[in-house]
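Okay, here's the structure, questions in a sec.
Each chain gets a letter, A, B, C and D, in the order it is written, and its residues are counted from 1.
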Amino acid sequence: MSTNDIPDTVVADIHVGHAYTRDKAAYLRRLKRIEGQVRGIARMVDEDKYCIDILTQVSAINKALHAVSLGLLEDHIAHCVVGAARDSEASGDPQLVQDKVKEAADAIGRLLR
Amino acid sequence: MSTNDIPDTVVADIHVGHAYTRDKAAYLRRLKRIEGQVRGIARMVDEDKYCIDILTQVSAINKALHAVSLGLLEDHIAHCVVGAARDSEASGDPQLVQDKVKEAADAIGRLLR
Amino acid sequence: MSTNDIPDTVVADIHVGHAYTRDKAAYLRRLKRIEGQVRGIARMVDEDKYCIDILTQVSAINKALHAVSLGLLEDHIAHCVVGAARDSEASGDPQLVQDKVKEAADAIGRLLR
Amino acid sequence: MSTNDIPDTVVADIHVGHAYTRDKAAYLRRLKRIEGQVRGIARMVDEDKYCIDILTQVSAINKALHAVSLGLLEDHIAHCVVGAARDSEASGDPQLVQDKVKEAADAIGRLLR
């Protein structure tokens, strides 16, 4: 996600809200699609489709969810972590950014499991 | 999943349908819950909730999907693969079961990725 | 892994040993290579190589290990599970194969985590 | 990893080298142990141990490698990404930190697969 081409005031607004706010519509579309995929699997189970075909669909959802979480993580690092780095620099308190880094690493750890 | 306690005729029926047929209601309930979790994440994005909290929810969905796919895989091996082993034994053609094993391994490979 | 082209007596021997026995040399070669990759990462750390390059190598090892575990799983299903299906059929005791299926599913579950 | 309790000059040195430099000995010990685990699996294959027991050991290595990569990622974000945020701030060029964030996200993506 590039923030190069948007005016600083907008970036400031985003920082008040959250990192993914500008991409909100895109995330909502992707989640809508994933919701539909889950419903599709329920339909396959209901219609006694072949297990392996259902598992293939589950793999597709896993992949779509991975893409969403990777996007959220990238936005989080690009905005919250980098913002905290700036705040730590300004305030001289390294704890601010260290807390954000730890939080991001814990989130990555939960996704890796 | 134990098939010990159901009469043979029912097992035969299942084999005509699919492995997970007896647990259909349970799978549908779990998928309904996952669908709700995905919708919950969309709501969190829409309400500008904190990225890390959203990521925690995504990890929960990953886990729930893993449980569903593991259940489907176990049912598949217990019924389709074992059924094919029986058919191979009866017909003297090892290809029947080898194809089912390959198919199951490919599905596991897609889930591991 | 096809067992089509080997005489029955060899298959019987394998079953006395384990599923992967015929591919032993191939597994040992792959594990030797993975061991070397781990040593390579230690060398990169020791020489202060760039973190991202080290992480790329870790991903390569993950992939190689996945391939090994998938191979072992396929061999296990093709031999131990299918063998137990045969034994269950012969003895009329479904528990034999059910135990093997459960054990395989548990192993898959540990790999998925 | 806390950098709170070390003098600034040391932090500067690390930044010249790499993020994990201070933990080098710990990383090398962990990689040595993983190397031994891989060799242990080769020995199990060589001695025809039971496939499921081998797979359990593979899962343990997966876990150990995940811990190493998570540590490297956390160090990378804490040092390289945060350092780039500082450089971007000082130079007024946001590209510096954006490149590092993209690189980190790509590395996470490779680990998630």
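By definition in this document, a contact is a pair of C-beta atoms (placed from the backbone, for glycine too) under 8 Å apart; a residue touches a chain by one contact, two chains touch by 3 or more.
The chain lineup, named per UniProt: A, B, C, D = Metal-sensitive transcriptional regulator.
Here the structure is a predicted model, which is why all the values come from computation and not from measurement.
When the CA atoms of chain C are superposed on chain D, the rotation angle comes to 180 degrees (nearest 5).
In this assembly, the C-alpha centroid of chain C lies 26 Å from the C-alpha centroid of chain D. A separation of 21 Å divides the Cα centre of chain A from that of chain D.
Here the spacing of chain A and chain C, counted between their Cα centres, is 33 Å. With touch defined as above, residues shared between interfaces to two or more other chains in chain D number as follows: 69, 73, 104, 111, 113. A list of each chain pair in contact follows: A-B, A-D, B-C, C-D. Of all residues in chain A, only 17-21, 24, 27-28, 31-32, 34-35, 38-39, 41-42, 45-46, 48-52, 54-56, 58-59, 61-62, 65, 68-69, 72-73, 75-76, 80, 103-104, 107, 110-111, 113 touch chain B in the complex they form. By the touch criterion given at the top, residues 2-4, 66, 69-70, 73-74, 77-78, 81-82, 85-86, 88-89, 94-95, 97-98, 101-102, 104-105, 108-109, 111-113 of chain A touch chain D in their complex.
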